[in-house]
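There are two complexes below, and they share subunit A, which is joined by subunit B in the first and by subunit C in the second.
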Partner chain A sequence: MIPALFSIVAGVLLLGILTYWAFRRPWPAPESRSSPADTSKALRLELPPADLIERMLDPRDLAFVREESPAETVRLFEQERRALAISWLRHTRRQVGCLMSYHVGAVRQNINLQPALEIQLGLHYVRFLVVCQLILGLSYVRGPFEIRPIMGYVVCVTTRLRGVSDKLLGAVQFSTQASAPPPRR
Partner chain B sequence: MAHGEDQVVWWTCILLEAILVVHSIPAMLKRFPVFYGYVACVLVRDVSAIPIYRTWPGLYTAFYWSTAFVTAILGYAVILEIYSRSLARFPGVMRLTRAVLVGLLFLVAARAFAELFGGAANPLASSAALLERDLRTLQAILLGALLCIFSFYRIPIGRNLRGIIVGYTLYIGVRVIELTAYTQLGKAMGIFASKMEPISYLICLVVWTVALWSRAPEPIADTAPSIEQDYDLLMRQTRTQLLRACAFLTRTVRP
Partner chain C sequence: MAKQMGIQAAIADLKKRTLPGLPGDIARLVYLAATRDYNSGRYYHEGLAHIYTQEFAARALQECHNDVFQDLVRSSIEDLLGQFELYVSSGCAQADEFIDFWEKIEPYRVAIPLTSDPISAQLFNSNVKIALAILRHRANNPRNSSPAALLQR
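Now for the complex of A and B:
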């Protein structure tokens, strides 16, 4: 029965992947991404100020509001903090998405692309996206203050992603003629 | 489906296969020789099946499964053509894809050997249908991996090749489900699935005929020369930004 289940899952998954691939948004025209200034902009990871999320999800705030205010205010407070946390998370995801878009565009034609690192990067990226979705879901189910510990995981994955991407981009840097190290005299 | 409707689907499929093969000569045939070879083989099989079924009905089952096995093997050549055509301008991704496909083939071979020598009740090739199911499942895995790589690296694909990929993937997906239902999910499910297969194959042939009717230009490769020229500058900038982002994130959620 297991091989049958495996085949059914493979068939259904294949049809799902085909649907996604066939109807996905097309890649923008080369002209729109060819400018170094545009690429530089896409690469810039503009994240919100460091203290913001820490301050936003501080449990002491919640404790204070619970002590001092009626239930309606607590609800409003939680609603606003949730919106802010979600906005922070979406912003981070968008920035990492831009970085990945640039990365795939830069490395896909490069003969020195390293498959092992690429697979590692892809897995990190998928895990990052899954965790982001999970946190978004949890923020609705359990409230914004409960997701703070899991945010640490996003950071961990983002850091790994950065590490692998850094290595890969380093490899690409010396594989193109324009950026090759100068010849020895 | 009534018998008459079955006949209509059957003859429409043969007609479309013939149109595809005849219309491909000479321009498209040079471009996708393996794919057209595959369609020609299926056409010969379908046309030969009719007199065999009428004259020697006892031989029909053996004929059907042996030709199904041959076309399943030819399907691997089609996947190879899709792989080489689509990634010809992307040597880096081609290398990665090769590694992934070889890895997947190794995994599936290991699983098959484990089943064979582990004394499993249902070894790889206990019957023709099971063998074809396993071959098609492997194709489904390879095609799924290819499509994931195309999506991740946003590989631009022209209309002709896109049509081949969409049609063939659709056929393989449905065929795997149909063969599994036929062999292991009971008679009722098997009959239902076997009714679905000709319709999905007809859709696949319509997709191929439309997509391959005229020669479409290959999409322009995004070589991004200006990006390459400024790569040093961008690299320094990226590293600085990434380090800054990392420091920021670590500081933000430190317990």
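Now for the complex of A and C:
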């Protein structure tokens, strides 16, 4: 009796999902998502300057503050640096998130997809998110100055991510322009 | 093209005649920020506007303000502290008064250029806060380091 009931519930659920999938709204047309203004905005991401992270986590500053000031100032300094590093990381993650949202919108209905590049982009993005979470955790456990080498890695992954996305977006725009009807005379 | 040349000439004028007369980058930052109107954020400098135009003068002041700010953001805590000691020793105020006022009112927040990115602004504010804490510590412990003598004047 119970297995039969289970099968019926599972069947109804499956039917519900299929019905929802069949009648849901279609994705918006790519034209409405990727206007030239959006494109330029997406390509001009305001990533924080990479050299600032080197500056803000410079161990020489820590050594100087330790030498010159009491323990409470050193504590304040470490708190400030942790807050700064987290700010930098969140800002970068937000900007990369915007880039990925734009990218997904732009390529969703593009038939000339480049699977290899898309997979590469996806992997970079997953790696980026994992490292961001790792750094956030480490900054609390080990302190802000211990995360410095991994921050450099984030800068590197962000640059690669942006490079791959620019390449893909360039291809999408090119294919959109190529498939567009010629202007009327 | 002529516009760009006009702005460059105004910048060169500022860098050659006005800014070198000020004691250090903190003094330059305060001076340049003070040429900016609190309400509109526009820069004004009568002398410079008289020689060039109001537009060129404003752009030159803005560029120089950005440059000085970026130099300060990228300097180490030790260098920033040196700049503060230079500024205080130039007689702008008594050391204690200066530290009290800057810690309570935080006028350095108003000295940040409008075009700076939020992370640079945050780093600058943080560095100034730490530099002021070290300055106070030095002022309270004169034997701690030799530059404190400056603050005791």
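FYI, the second predicted complex is superposed on the first by the 128 of 185 C-alpha atoms of A that agree within 3 Å, B and C clash if a C-alpha of one lies under 4 Å from a C-alpha of the other, contacts with A are read in each partner's own complex, and residues count from 1 in each chain.
Note that in this section a contact is a pair of C-beta atoms (placed from the backbone, for glycine too) under 8 Å apart; a residue touches a chain by one contact, two chains touch by 3 or more.
Note that the structure is a prediction, hence the values are computed from the model and not measured.
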Contacts of A:Leu76 with subunit B and subunit C, given as first, second, both or neither: second
Contacts of A:Gln133 with subunit B and subunit C, given as first, second, both or neither: neither
Winner by number of subunit A residues touched, once subunit B and subunit C are compared: B
Partner chain(s) touched by A:Glu68 [first = subunit B, second = subunit C, both, neither]: second
Partner chain(s) touched by A:Leu84 [first = subunit B, second = subunit C, both, neither]: second
Contacts of A:Val104 with subunit B and subunit C, given as first, second, both or neither: first
Common interface residues of subunit A - those touching subunit B in one complex and subunit C in the other: 51-52
Subunit B partner contacts - residues on subunit A that touch it in the complex: 1, 3-4, 6-8, 10-15, 17-18, 20-22, 24, 27, 30, 33-36, 39-40, 43-45, 47, 50-54, 92, 95, 99, 101, 104-113, 115-116, 118-119, 122, 148-149, 151-152, 154-155, 158-159, 162, 165-166, 169-170, 172-173, 176-179
Subunit B residues touching subunit A - in the complex, by the definition given at the top: 89-93, 95-96, 99-100, 122, 133-134, 137, 140-141, 143-144, 147-148, 150-156, 166, 169-170, 172-177, 179-180, 183-185, 220-235, 237-239, 241-242, 244-246, 248-255
Touching residues (chain side subunit A, partner subunit C) in the complex: 46, 48-49, 51-52, 55-56, 58, 60-61, 64-65, 68-70, 73, 76-77, 80-81, 83-84, 87-88, 91
Touch list for subunit C against partner subunit A, complex: 73-74, 76-78, 81, 117-120, 122-123, 126, 129-130, 133-134, 137-138, 144-145
